[in-house]
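Presented sequentially are two complexes of chain A, the first with chain B as partner and the second with chain C.
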Partner chain A sequence: MLTVIVTGLAIGMLYASIALVYNVMFSTSKVLSVTTGHLSMVGGVFGAYIISVLQMHWLWGLLGAVLAGATFGWLTDVLAIRRVLARSDEHLWLLSTLALATMVQQGVGLWWGTEPKPFPRLITQEFGAGLMDQKFWLPIGMAIVMTIGLEFFYRKTMYGKVFIAMSEDAFAARARGVSTDKIRLLSYVLSGALGGLAGFAAGQLTFAFFALGHTLTLLGFIALAVGGLGSNIGALIGGAALGLLNSFASYYFGGEYQQTIAVGLLMVVLLIKPEGLLGAKNVRPV
Partner chain B sequence: MPRLIKHAVRLFLATALVVSAASAIAADTIKIGWLSSLTGALSSAAIAENQGVQLAVDEINKSGGILGRQIELLTRDTAGDPTKAVNFAQQLAFSDKVHFVIGPVNSGEGLAAVPILARAGVPNLVIGAIDELIDPVKYPRAFRVINTNRQWISTANDYAIKVLKKSKVAVIADTSGYGTASSKTAIELLEKAGIKPVYTVLVDNNKTDLTDEMNKARAAGADVVMPWTAATGMLGRLLNARGEIGWNVPVVGHPAIMAAQIRQLLNKPEYWQNAYAAGYLSTTYGSDGKLPERTQQLVDKIRPKLGGGEIDVLFWWVAMGYDTVKIIEHAIKTAGSTDAAALQKVLENTRDYKGVYATYTWTATERNGFPDSNMAVNPANTFKDGSFRLAPR
Partner chain C sequence: MNSQTTKVLSLLVGAILIATLPFWAGDQYQLHLAALIAVYWILIAGLNLVVGFTGQLSIGHVGLLSIGSYTFAILAGKMGVDPTLSVFVSGLLGGLCGLALGLPSLRLPGFYFAMATMAFSMIVNEIVLAQVDLTGGGIGLPGPMFPKPFDSPIGFYYLVTAIALFVTWLTWNIARRMWGRAFISIRDNPVAAQAVGVPVFKAKLLAFVFSGITAGVSGAVFASLQSYITPDTFVFELSMFFFVCIIIGGRGSIIGPFLGTVVLTALPELVSPLAKLGNFFYGLLLLVVVLVVPEGIGRMFEIISERLRPRIVHREPITPDLNRLAKALKGHE
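And now, the complex of A and B:
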């Protein structure tokens, strides 16, 4: 039973990390980018490439994963967001980010190969450690560190406060002299770096696999919607709930029901509490 | 003015003559369409098959072609996408008017493309393993070169039951269409042999850990684990879970268990021991350490084209690709023409045609050409130079 909980929690915390990344991007642009899961895929693949293929220390792998993610985040803003938001209020970003995500996935598939490849051990540890294995604890630890870091960033730093200001009211922020385009770009670079970091931490769990992106995008979104859009603690809870539910569903009913139950959870939450467990109700006093 | 018209008429006639002569030359080639997923998922199999196809085409063309006609190979990269496979199948059949089509490579693409080729009446060599691709009534000109999925499963089942003498089977398959269908077939065939699996489960092929499933199989008293999935990630995790919980149960199943990628995914190399997969006699070393003669000849011929060193792809793909073109050569030579109905007749009457990958027989009612006797079981960790050792019997 403990295995079910730990494995569920580990993958759930990866979903939670993806949900956090969604939050960072959403705060400044009100966009739910389809590239979010792909940021992690890119982080995992680049980490594995630098450590296993280039034979460099894992710290370089970590740096490479963060840089690759940040670059992808920057590209997302430049190619798929900036112009779309400037020209239209419609949800065209859904298509532009989907296109970019698909292109990046195909590109990685051509370069890296379409079979999953192993992600190297980061800490010296014997295999056979069972539930103490680093592959479970690294993604869990990373999600918690990311949540605490983001909370600190939002509350204690100037940029964090500007992010919040933009998420409250982008027009008002601009009127106050905030360069909203620059801040949005910054948020995409930051979210890219975080996505890369999450993918790196979970690499041993997921393998370095080009096709992970779309699944992570979907399951990260479910974690976000369950926890509540905009809430970091909510993302953590949503991710954990989704991971555990998936794991228990698979244990008791078999893998064929796993996806149905994940999407079922989303439906139930949307019907009963559309704003998510910890999400703010979308009401503005006028 | 009349001179100008005369001149124009002459020019027109000359052009028409040149065009018709050129098309006469083009019509003189034998056109083979090759629907190959050279990029995208499962590209590794297609790339290897393509090596065999190319070699056979080059060889035949160099030695003067078939009935004096050169082969024109029209390769179309479907990227493993059924929609593209359909478009290319239509293009090959109706615009390019090919005489034969090889492929598509993946069963999903095949389900979409084979009916179109059948409607166009184009002879088609099927290289997908699922049962639905073959139907002598609906697709009278589709002949299967590869073994059937059922042959993989029954070979693995036979090995587990008759050779390893196991009777408490755990069937673990993935939730894809292939995994679900295969697990059903596996259970059905086991039950026919009087064995009811002690544990069966379907698992999402991206599930990050299979320890629970392996623990459950162990608790259910299983003495052999039979995985049915082509996902190397899932198989790697299954073998890792078996190793980590210290359970030395034999694993017997899908050929992907012996794929080279698995080796990299294992936590320890020894986790690959005591694992067996359904394979082929043509790519199995005999007790003298030698490959069958025809396979060895092909290995020697193709090695320079694969880089000259050890062969690092599963050689049966290469052998099958090579055979497809040779089968087409056999059919056209025997029929004496490229008439589709005549080619169908020849293939229907082909008995024991000796290829590299297998010895094929098709009849008017049986379109699966690969014989059971050409199947083999290989220990997963014995890959060497493209082939495997024979599992202990």
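And now, the complex of A and C:
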């Protein structure tokens, strides 16, 4: 039973990390990017490439994953967001990020291969470690560190406050002299780095697999919608709920209906509390 | 030659080309490709009403295609039901699933709706994999042939072309009359549409259920064309392909998405380096179109033709009649 809980929490925390990444991008641009899950996929694949193929120390792998994610985040803003936001048609960003996500996924598939490849162990540890295994605790720890770090960033640093100002009212922030374009670019680079980090930490759980992106995008979004758009603590709770529900469901009914159950959770939450558990009432999206 | 005759003439040429295609197509494979285009077009014509006219970005229609295909394969193949009847049942079931999916998800705004439809296609694949007794799981099912006159490649081509033409005629009728106007108004401004009395949710649901029916029918003939279906046939990228065809062709037109379907289906098959890149190419094309001509390639042609043959704008300069003006001013004093 404890195994079920720990497995669920571990995978749930990966979803929570992705929900956090959604939040960072949403705060400055009001865009929910389809590339969010792919950021983590890129982080996982690059980490595995640097450690397994290039045979370098895992710290370099971590750095490579973060850099790859940040570059992808930067590309997302430059290619898919900047010109589209200027046109102010809300549907277009969905199309452009979907196009970019597909291109990156296929590019990684062509280069890395279409088979899931194992992610190397980061810390020397016996494989029979059971519940104490690093593959469970790395994503959990990472999500908690990311949440605390983001809260600290939003509350204590100047840039964090500018992020909040932009999420409240981008026009007012611009009028007060905030360079909104630069801040948005910064938020995309930051979210890319965080996404790469999350994918790296959860690599041993998900494997380095090119087709993870769309699933992670969907499940991270469900965690976000359950927890409430814009709330970091909500993202953690939503991710944990989704992961636990999934692992308990596969424990009792078998693993075939995971997505069905996840979407069922989303529908129930949208019906009962459309703004999510901790979402702000006034940004009600439904 | 005025534009009306040009239109009729090009339609006539198109009809002759389509009708005589089996006689000038080089080999069996090209005929297969033409049938595939017709099968895809059956789905895309319906989806066009949802994406191109109503502006609801559904990226999960591969789920409905999959439902149609499996219904046909199970009914006509496993249970021995008449294939023609099975096609109708596939369409009906596709419409019902479209209704079941549309009822909750069409109330959601943009990104939420796209995610809900994407999740739907994933759920369908998951259920297909799980229900091994019914669908054969990962092994798949054979797609049965149609009875006598349609069992050859040529006969099958005429069958799917007839269905495709019928569906095109239906969508054309919907698009240019009352409902089509309602769809476009919802796409451009839902609030204004509601204010002038368009039943927004009902119209969206109507378009979506219609696209479900065409997706189901398309799935049925798709199963027969592919002759063997597995869950791997219905990957998410296929949904993406349908979507790209419409966006590239241009929203709010029928001929644009049709050309998009023809070009995008045929191009990777005829130019082999593109086939290797596959979905990367579709992604790139979508990105370029969204960034450069968001209205679609069709709009680009319009712009070019306007450049080549500028519309004659009649200028009627007004020359002031100064004497009369002076007289009128004087008269006042």
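Rule of thumb we're sticking to: the second predicted complex is superposed on the first by the 282 of 286 C-alpha atoms of A that agree within 3 Å, B and C clash if a C-alpha of one lies under 4 Å from a C-alpha of the other, contacts with A are read in each partner's own complex, and residues count from 1 in each chain.
Simple rule for what comes next: contacts are C-beta pairs under 8 Å (C-beta built on N, C-alpha and C of every residue); 3 or more make two chains touch, one makes a residue touch a chain.
Since the model is a prediction, treat every value here as computed from it, not as a measurement.
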{"item": "Overlay on chain A: chain C relative to chain B, clash or fit", "value": "clash"}
{"item": "Chain B versus chain C as contact partner of A:94, first or second or both or neither", "value": "second"}
{"item": "Contacts of A:7 with chain B and chain C, given as first, second, both or neither", "value": "first"}
{"item": "Touched partner set for A:80, first chain B, second chain C, both or neither", "value": "second"}
{"item": "Touched partner set for A:110, first chain B, second chain C, both or neither", "value": "both"}
{"item": "First, second, both or neither for A:225, with chain B first and chain C second", "value": "second"}
{"item": "Partner chain in contact with A:102 - chain B first, chain C second, else both or neither", "value": "second"}
{"item": "Broader residue contact with chain A after superposition on the shared chain, chain B or chain C", "value": "C"}
{"item": "Contacts of A:256 with chain B and chain C, given as first, second, both or neither", "value": "both"}
{"item": "Partner chain in contact with A:209 - chain B first, chain C second, else both or neither", "value": "first"}
{"item": "Colliding region between chain B and chain C, picked from 39-47, 75-83 or 129-137 after the shared-chain fit", "value": "129-137"}
{"item": "Residues of chain A at both interfaces, chain B in one complex, chain C in the other", "value": "110, 215, 256, 258-259"}
{"item": "Residues of chain A defined as touching chain C within the complex", "value": "32, 79-80, 83-84, 87, 89-92, 94-96, 98-103, 105-107, 110, 214-215, 218, 221-222, 225, 256-260, 262-263, 266-267, 270-271, 285-286"}
{"item": "Chain A to chain B touching residues, read off their complex", "value": "3-4, 7, 10-11, 109-110, 114-118, 127-128, 130, 135, 205-207, 209, 211-212, 215, 250-251, 254-256, 258-259"}
{"item": "Interface residues, chain C side, partner chain A - complex", "value": "55, 57, 59, 104, 107-112, 114-116, 118-120, 122-123, 126-127, 129-130, 236-237, 240, 247, 277-280, 282-284, 286-287, 290-291, 294"}
{"item": "Residues of chain B that touch chain A when the two form their complex", "value": "39-44, 174-175, 180, 201-204, 206-209, 211-212, 215, 232-233, 236, 240, 243-244, 246, 259, 261, 264-265, 267-268"}
